[in-house]
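In the two complexes below, subunit A is the common chain; its partner is subunit B in one and subunit C in the other.
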Partner chain A sequence: MKILVCVKQVPDLEGRFVPNAAGTWFDESGLAFRMNDYDEFAVEEAVGLRERLGGDAEVTALSIGPDRVVETLRKAMAMGCDRGVHVRDGAAAERDPWQVASMIAGYARSRGFELILTGMQSIDRGSAQVGVLVAELLGFACTTTAVGFSCDGSTATVERELEGGAKGVVRLKLPAVVTCQLGLNTPRYPTLPNILKAKKKELLVLAPGDVGLEAPLAAASGFCRHERSASCLVLEGGADDLAGRVVAELREKTAVLRRGGAR
Partner chain B sequence: MQDTREIFWNVGYGSIPVMYLLSLAAVAVMARGFMKLAEAWLRGRPLDRFNRAGERCSRFISETLTQKRVLRVADGGVPHAGLFWGFTTMFAGTLLVMLQADLLTPLFHVNLLSGRFYRLFSLALDLAGMLAMLALGALFVRRFLTRPDGLESRREDWLIHLLLFTILVTGFLIEGSRMAATEVRDNPGLALWSPGGLLVARMITFMGADALRGLHRGLWWFHLLIALAFIIVIPRTKLRHLFTTSGNSFFAPLEDQGKIETIDMEDERRERFGASGISDLTWKDLFDADACTACKRCQDRCPAWATGKQLSPMKVIRQIGGIASGAASDSLVETVTREAIWACTTCGACQEICPADIEHIVKIVEMRRSLTLMDGEFAGDEVRRAAGSIEVNGNPFGMAPASRGAWAEGLPVSVMARDSKVDILYFAGCYASFDPRNRKVAESFVRICAAAGIRVGILGHEERCCGEPARKMGNEYLYQTAARENIAAFRRYGVGHIVTACPHCFTTLGQEYRELGFEVPVEHHSTFIASLVERKRVKLASESFDFTWHDSCYLGRHNGVYQEPRTILTGAGGKLLEMALSGRDSFCCGAGGGRILAEERSGRRINAERVRMAMETGAGTLVSGCPFCLSMFEEGLSAGVQEPAMRALDLAEIVAARLR
Partner chain C sequence: MKALLVAECRQGRLAGEYAELFGFARALGAATSLVLVGNPEELPGFDGRLHFADAREYGEYSPDVHKRLVLKAVEAEKPDLVVFMHSSYGWDLAPRVAAAMRAAQVSEVSGIGEGAFVTGCCNGKMRRTVRPLTPRAVLTLQPGAFPAGTPCGSPEIIPIGTSTETPVELLRYEPPAAEGIDLSRAEVVVSAGRGVGRREQVELVRALAEALGGEVGASRPVVDAGWLEHGRQVGSTGQTVAPALYVACGISGAIQHVAGMKGSGFVLAVNTDRDAPIGEVADLLVVADLAQFLPALILKLRV
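Now for the complex of A and B:
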């Protein structure tokens, strides 16, 4: 069984985000990069599935971006992916979800993948569209926000997170695309022997043109920083009166007291 | 009459071959015992501990003969030294008798054991025997009657006491019966030189000559057999420490006791890292287990044990010994337990006090390496997150690397990328870079340098965590990744002199980076400031205050810096009130060994314990020279109270506040 797992390298959110010269995206200088959190869940699930299935199951990790993304691909391979595919694209950060999906589908088409796992979204762009679009382009079944997953080689059973803490179960015939949500698993920490082995694993480098890059459908035209508004509130008064006001504030301005919302 | 004695009197020369044959047999049985032990030692990995043999030999002789490591603790140590010196003297005396009887008399017809020398010889041996008796008595009382906390006695301890006691008593009885039958009657002047024997002789002179001879002959053989039994049980009981503990004063490392092996990441044949089984440890680690006498001094000083955690350095060593001598397949980690392995602060108190020169830290770090590098395990999720942050952001907090130099904005500090013409590179470290409390220490240091006219540079956004906490937690790969990036940055700017306010950075940059090919002088800010003060580059206004100085493990025990900070602080008007545990006996703050990254989940808090010790001095200020210690003390002092009873400061803050 051939499994494809899509990983994106994203900036660490502690960094300072300022608009780039064109004002269309953020300036990358000074930022630290790492694997998108949700994609780590996808890698863990793919590698775990391969271990459970045994036999000739194999996992390919794919990433699109400049040369720095090789670091993330090596990490995916250190976690257990068998090989890596790097679509070298210096402009990847500004591609819209349609373009990214077109490249992934272009690579996956006719390569015999039966299962494609992605994060449910990236922590930087956060469109949550890429996995779904890939499924559509390939004609695969698809479900999103997986928090539970099992697969017997021909069918995948996915537990999905619904709003308000409820869960739903979906059964898909392979081939399928599943996007992964927090809670699905705990990604492993790569062991040293696997880190060292990953350095020698096969890494295929392709150009966007090789994998059918399409023209953008929804190009970003502006980027601005989040301006933090003051969120500090000082309540004064006696204990008898304060408790009720705290509850009222929480009920009005936050979700913590809503049913099913306390997570 | 000539002052001498007839060797083998009453025993008969015919007995000599029998005696030698029996002795040889006993030595052979002893050797077989040691060979069996050696088989277990050789299951460990190779390690060169025979280099610089001259230095090792002189340490072996001085540590063993002076008993100085044993004497570090008077309780137990003083009687042990007495017993050692007593028996050593008697052993030397016995060898001299052998030399006289079987070499000097038959071949050279010279009697060394006569006249004045014999009188002194007799006195020395009698006193040695009495000293040994006294010491053995004291040890008996301690082990079996007063029984200090944590001292574990087993059946072999009874056996050893019984053997030693019997050897000493029969020795005096033999001497006494011989003297009663000969010397006391024939040469009473000489008898006075053997006070112990004379005392016994006087008690048994009532017996007839034949009875005395019979008693003497019987006891002589009994004494011989007991002595041979002693030789035989040496490798089979704790008595093996006669060879292994003294042997360790030869084999102990010549460098810092906490030094751990730098793993060669380029070695492609290597697939196992750290110690999950006995064969992953070195032969010295296994030898250490046989050098341990379970004196529990390490356990008495271990901050983890003292605060109710599962780690006892002594038990770890004995568990390793247990696996090495028994079932080899037993997992180290399961036997020692994860909780014990992660609890160590690598403070080195155990190694510092160990009379057997045992290296505890390397074993624990090797077990951690196995957990981390082979199994991807951590002391907790928070440590895992911190490791991820060091990997991505270059600091355990997950702060943006671009803001690492932000603390120095507006201060007289140049970022190397902009201007690298500096006198020193200040390696701020993660805490001074990001932790608001420790930023004040960095600012103080910069102000001191400015006052001294020293140009300070920092790497700023190019600086990363030195890697120490990750390394001590077993994550050698992460450490080396961080280290190599720092080294590349140092080289980029041709850095020639590094100063850091963190003892962990200091040890790592100054000693451990050396193994990675980086050799530039690295100084801790305490010695750097001390030399500025001494050379009068800065002048301080003396302002009186009382303080206690906390010797950080990686400044004191691991690097031997004890005096400079005290000199600076007393010179600045401070009155030093020492804690009971100070200097090389200092008690860890709880943050060493990567524990700074971990939650303290079991037992009482180590920092609270240390803060309590500091408060007992009555000093108003607790001064240290380590960001980890400072953070731990700030937390310990403010726990549950609004107005802390004392202030925690870094020495640089005290100096900066008194700049003239």
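Now for the complex of A and C:
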């Protein structure tokens, strides 16, 4: 069984974001990048499934982006993916979900994948569209927001997360795309021997044109900070001084310290 | 401008958020029609056309069946916009409809620009404006971003139908696990986020909760990591709390977390990042490393 897992490299969100010159997205300088949280669960699920299925099951990890994304592909391979595919695209951050999906589907088409796993969304863009669009482009069955997953080689059974922690259990006929939610499993940490092994695994480099990049359907502008409400008081300083000021604020603005609640 | 709104019905209940779809359409000044696969006993009240399929015939949510039904309504209405809520229903179904229409989709819309839509990114820290380049577009709306409209009237019902063939079959629903911790009554909730860094540091949060006479809550990653039990998770897939004081320790303030605590009386946030979006709902943001600040605060509370 051939499994494809799609991974995106995203910035650490604790960084400071400054708009790029065109105002379409952020300027990358000074930011640290890592594997999208949701995709870690997808990689773990793909690798775990291959281990459970045994036989000739194999996992390919695919990432679209500039050269820095190779680091994320190597991490996916260190977690156990058999090979990597890098669609080298310096303009990946400018692509809309449709374009990203067109490239993934373009690669996957006619390569015989029976299962494609993605994160349910990326932490930076958060469109939650790409996985579903890939399924539509390939004519695969699809479900989203998996918090439970099992697969017998011809069908997949997925627990879909619904609002308020309820779940819907669905069965899909393969080939299928499943998008993974936080908490689906416990992503493994790559061990040192596996990190070394990953360096020797096959890495295929392709250009967007090789995988059928399509024209955009949407354009972005006006990337900027989301202003916070003016009513928030921000305190900075040393821990002791801050603690005193916070207690004073709580005394003044809440009743919780008056009731003798503090112990 | 014509908008086709897509409402959701689950287990016979019409999801109340459909009123926000009308609120959005009103903000946009769009003419509206609605499509629903639902319960004929629980129809939304509004003046306009309702493209309707009976859920007793079509079953619960089945993505391929619902896609075909929504597309029937699209064919009849020829709308400029097809609008969903950004919910488990909307984010699953909207891209399928968009792909079939070859239309741009803008997800989690929170504002309206000129021929464009404002949407948050980078976990709500930043935002941007997305303009569809296609003549028609599909949108999902951020819950709570548009005040609910108050539609009334009785719609003209137009039946829609399709085959029930689908490669995705719903086997059953599972209710949320009941774990016996009711945070909704707590006067004080002190929550641990990923910023606690290590399992051991959850103890700092617990100690602060004790000092304040409150309960311990958590953001999702802390629960996923097994540092606290699921019953303590606050947010859209956890509990909704409204204590007099909510303390967010190392929590960035993602929309799904905020959905569970925005009704709190006073919100104190402790975060190393001055720009963390929790500042949006916080009354007081302490920019500090919680490993240093929490012990100092606990000490001050004990004297």
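The working rule: the second predicted complex is superposed on the first by the 229 of 263 C-alpha atoms of A that agree within 3 Å, B and C clash if a C-alpha of one lies under 4 Å from a C-alpha of the other, contacts with A are read in each partner's own complex, and residues count from 1 in each chain.
Basically, a residue touches a chain if its C-beta (ideal position, glycine included) is under 8 Å from a C-beta of that chain, and two chains touch if they have at least 3 such contacts.
Please read all numbers here as calculations on a predicted model, not as lab measurements.
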{"item": "Partner chain in contact with A:165 - subunit B first, subunit C second, else both or neither", "value": "second"}
{"item": "Which of subunit B and subunit C A:16 touches, first, second, both or neither", "value": "both"}
{"item": "Partner chain(s) touched by A:91 [first = subunit B, second = subunit C, both, neither]", "value": "neither"}
{"item": "Subunit B versus subunit C as contact partner of A:204, first or second or both or neither", "value": "neither"}
{"item": "More subunit A residues in contact - subunit B or subunit C", "value": "C"}
{"item": "Residues of subunit A contacting subunit B in one complex and subunit C in the other", "value": "14, 16"}
{"item": "Subunit C - residues contacting subunit A, complex", "value": "10, 60-61, 63-64, 86-88, 91-92, 94-96, 98-100, 102-108, 113, 116, 118, 120-134, 137, 167-177, 187-188, 210-214, 220-221, 223-224, 226, 230, 233, 236-238, 244-245, 252, 265-266, 268, 272-277, 279-288, 292-293, 295-297, 299-302"}
{"item": "Residue numbers on subunit A that touch subunit C, as the complex places them", "value": "11, 13-14, 16-17, 24-26, 37, 96-98, 120-121, 123-129, 132-133, 136-137, 141-145, 157, 159-173, 176, 182-183, 186, 216-226, 228-229, 231-236, 239-240, 242-244, 246-247, 249-250, 253-257, 261-263"}
{"item": "Of subunit A, residues touching subunit B in the complex", "value": "12, 14-16, 30-34, 188-193, 195-196"}
{"item": "Subunit A-touching residues of subunit B, taken from the complex the two chains share", "value": "265, 268, 271-273, 372-378, 384, 387-388, 391-394, 398-403, 461, 476-477"}
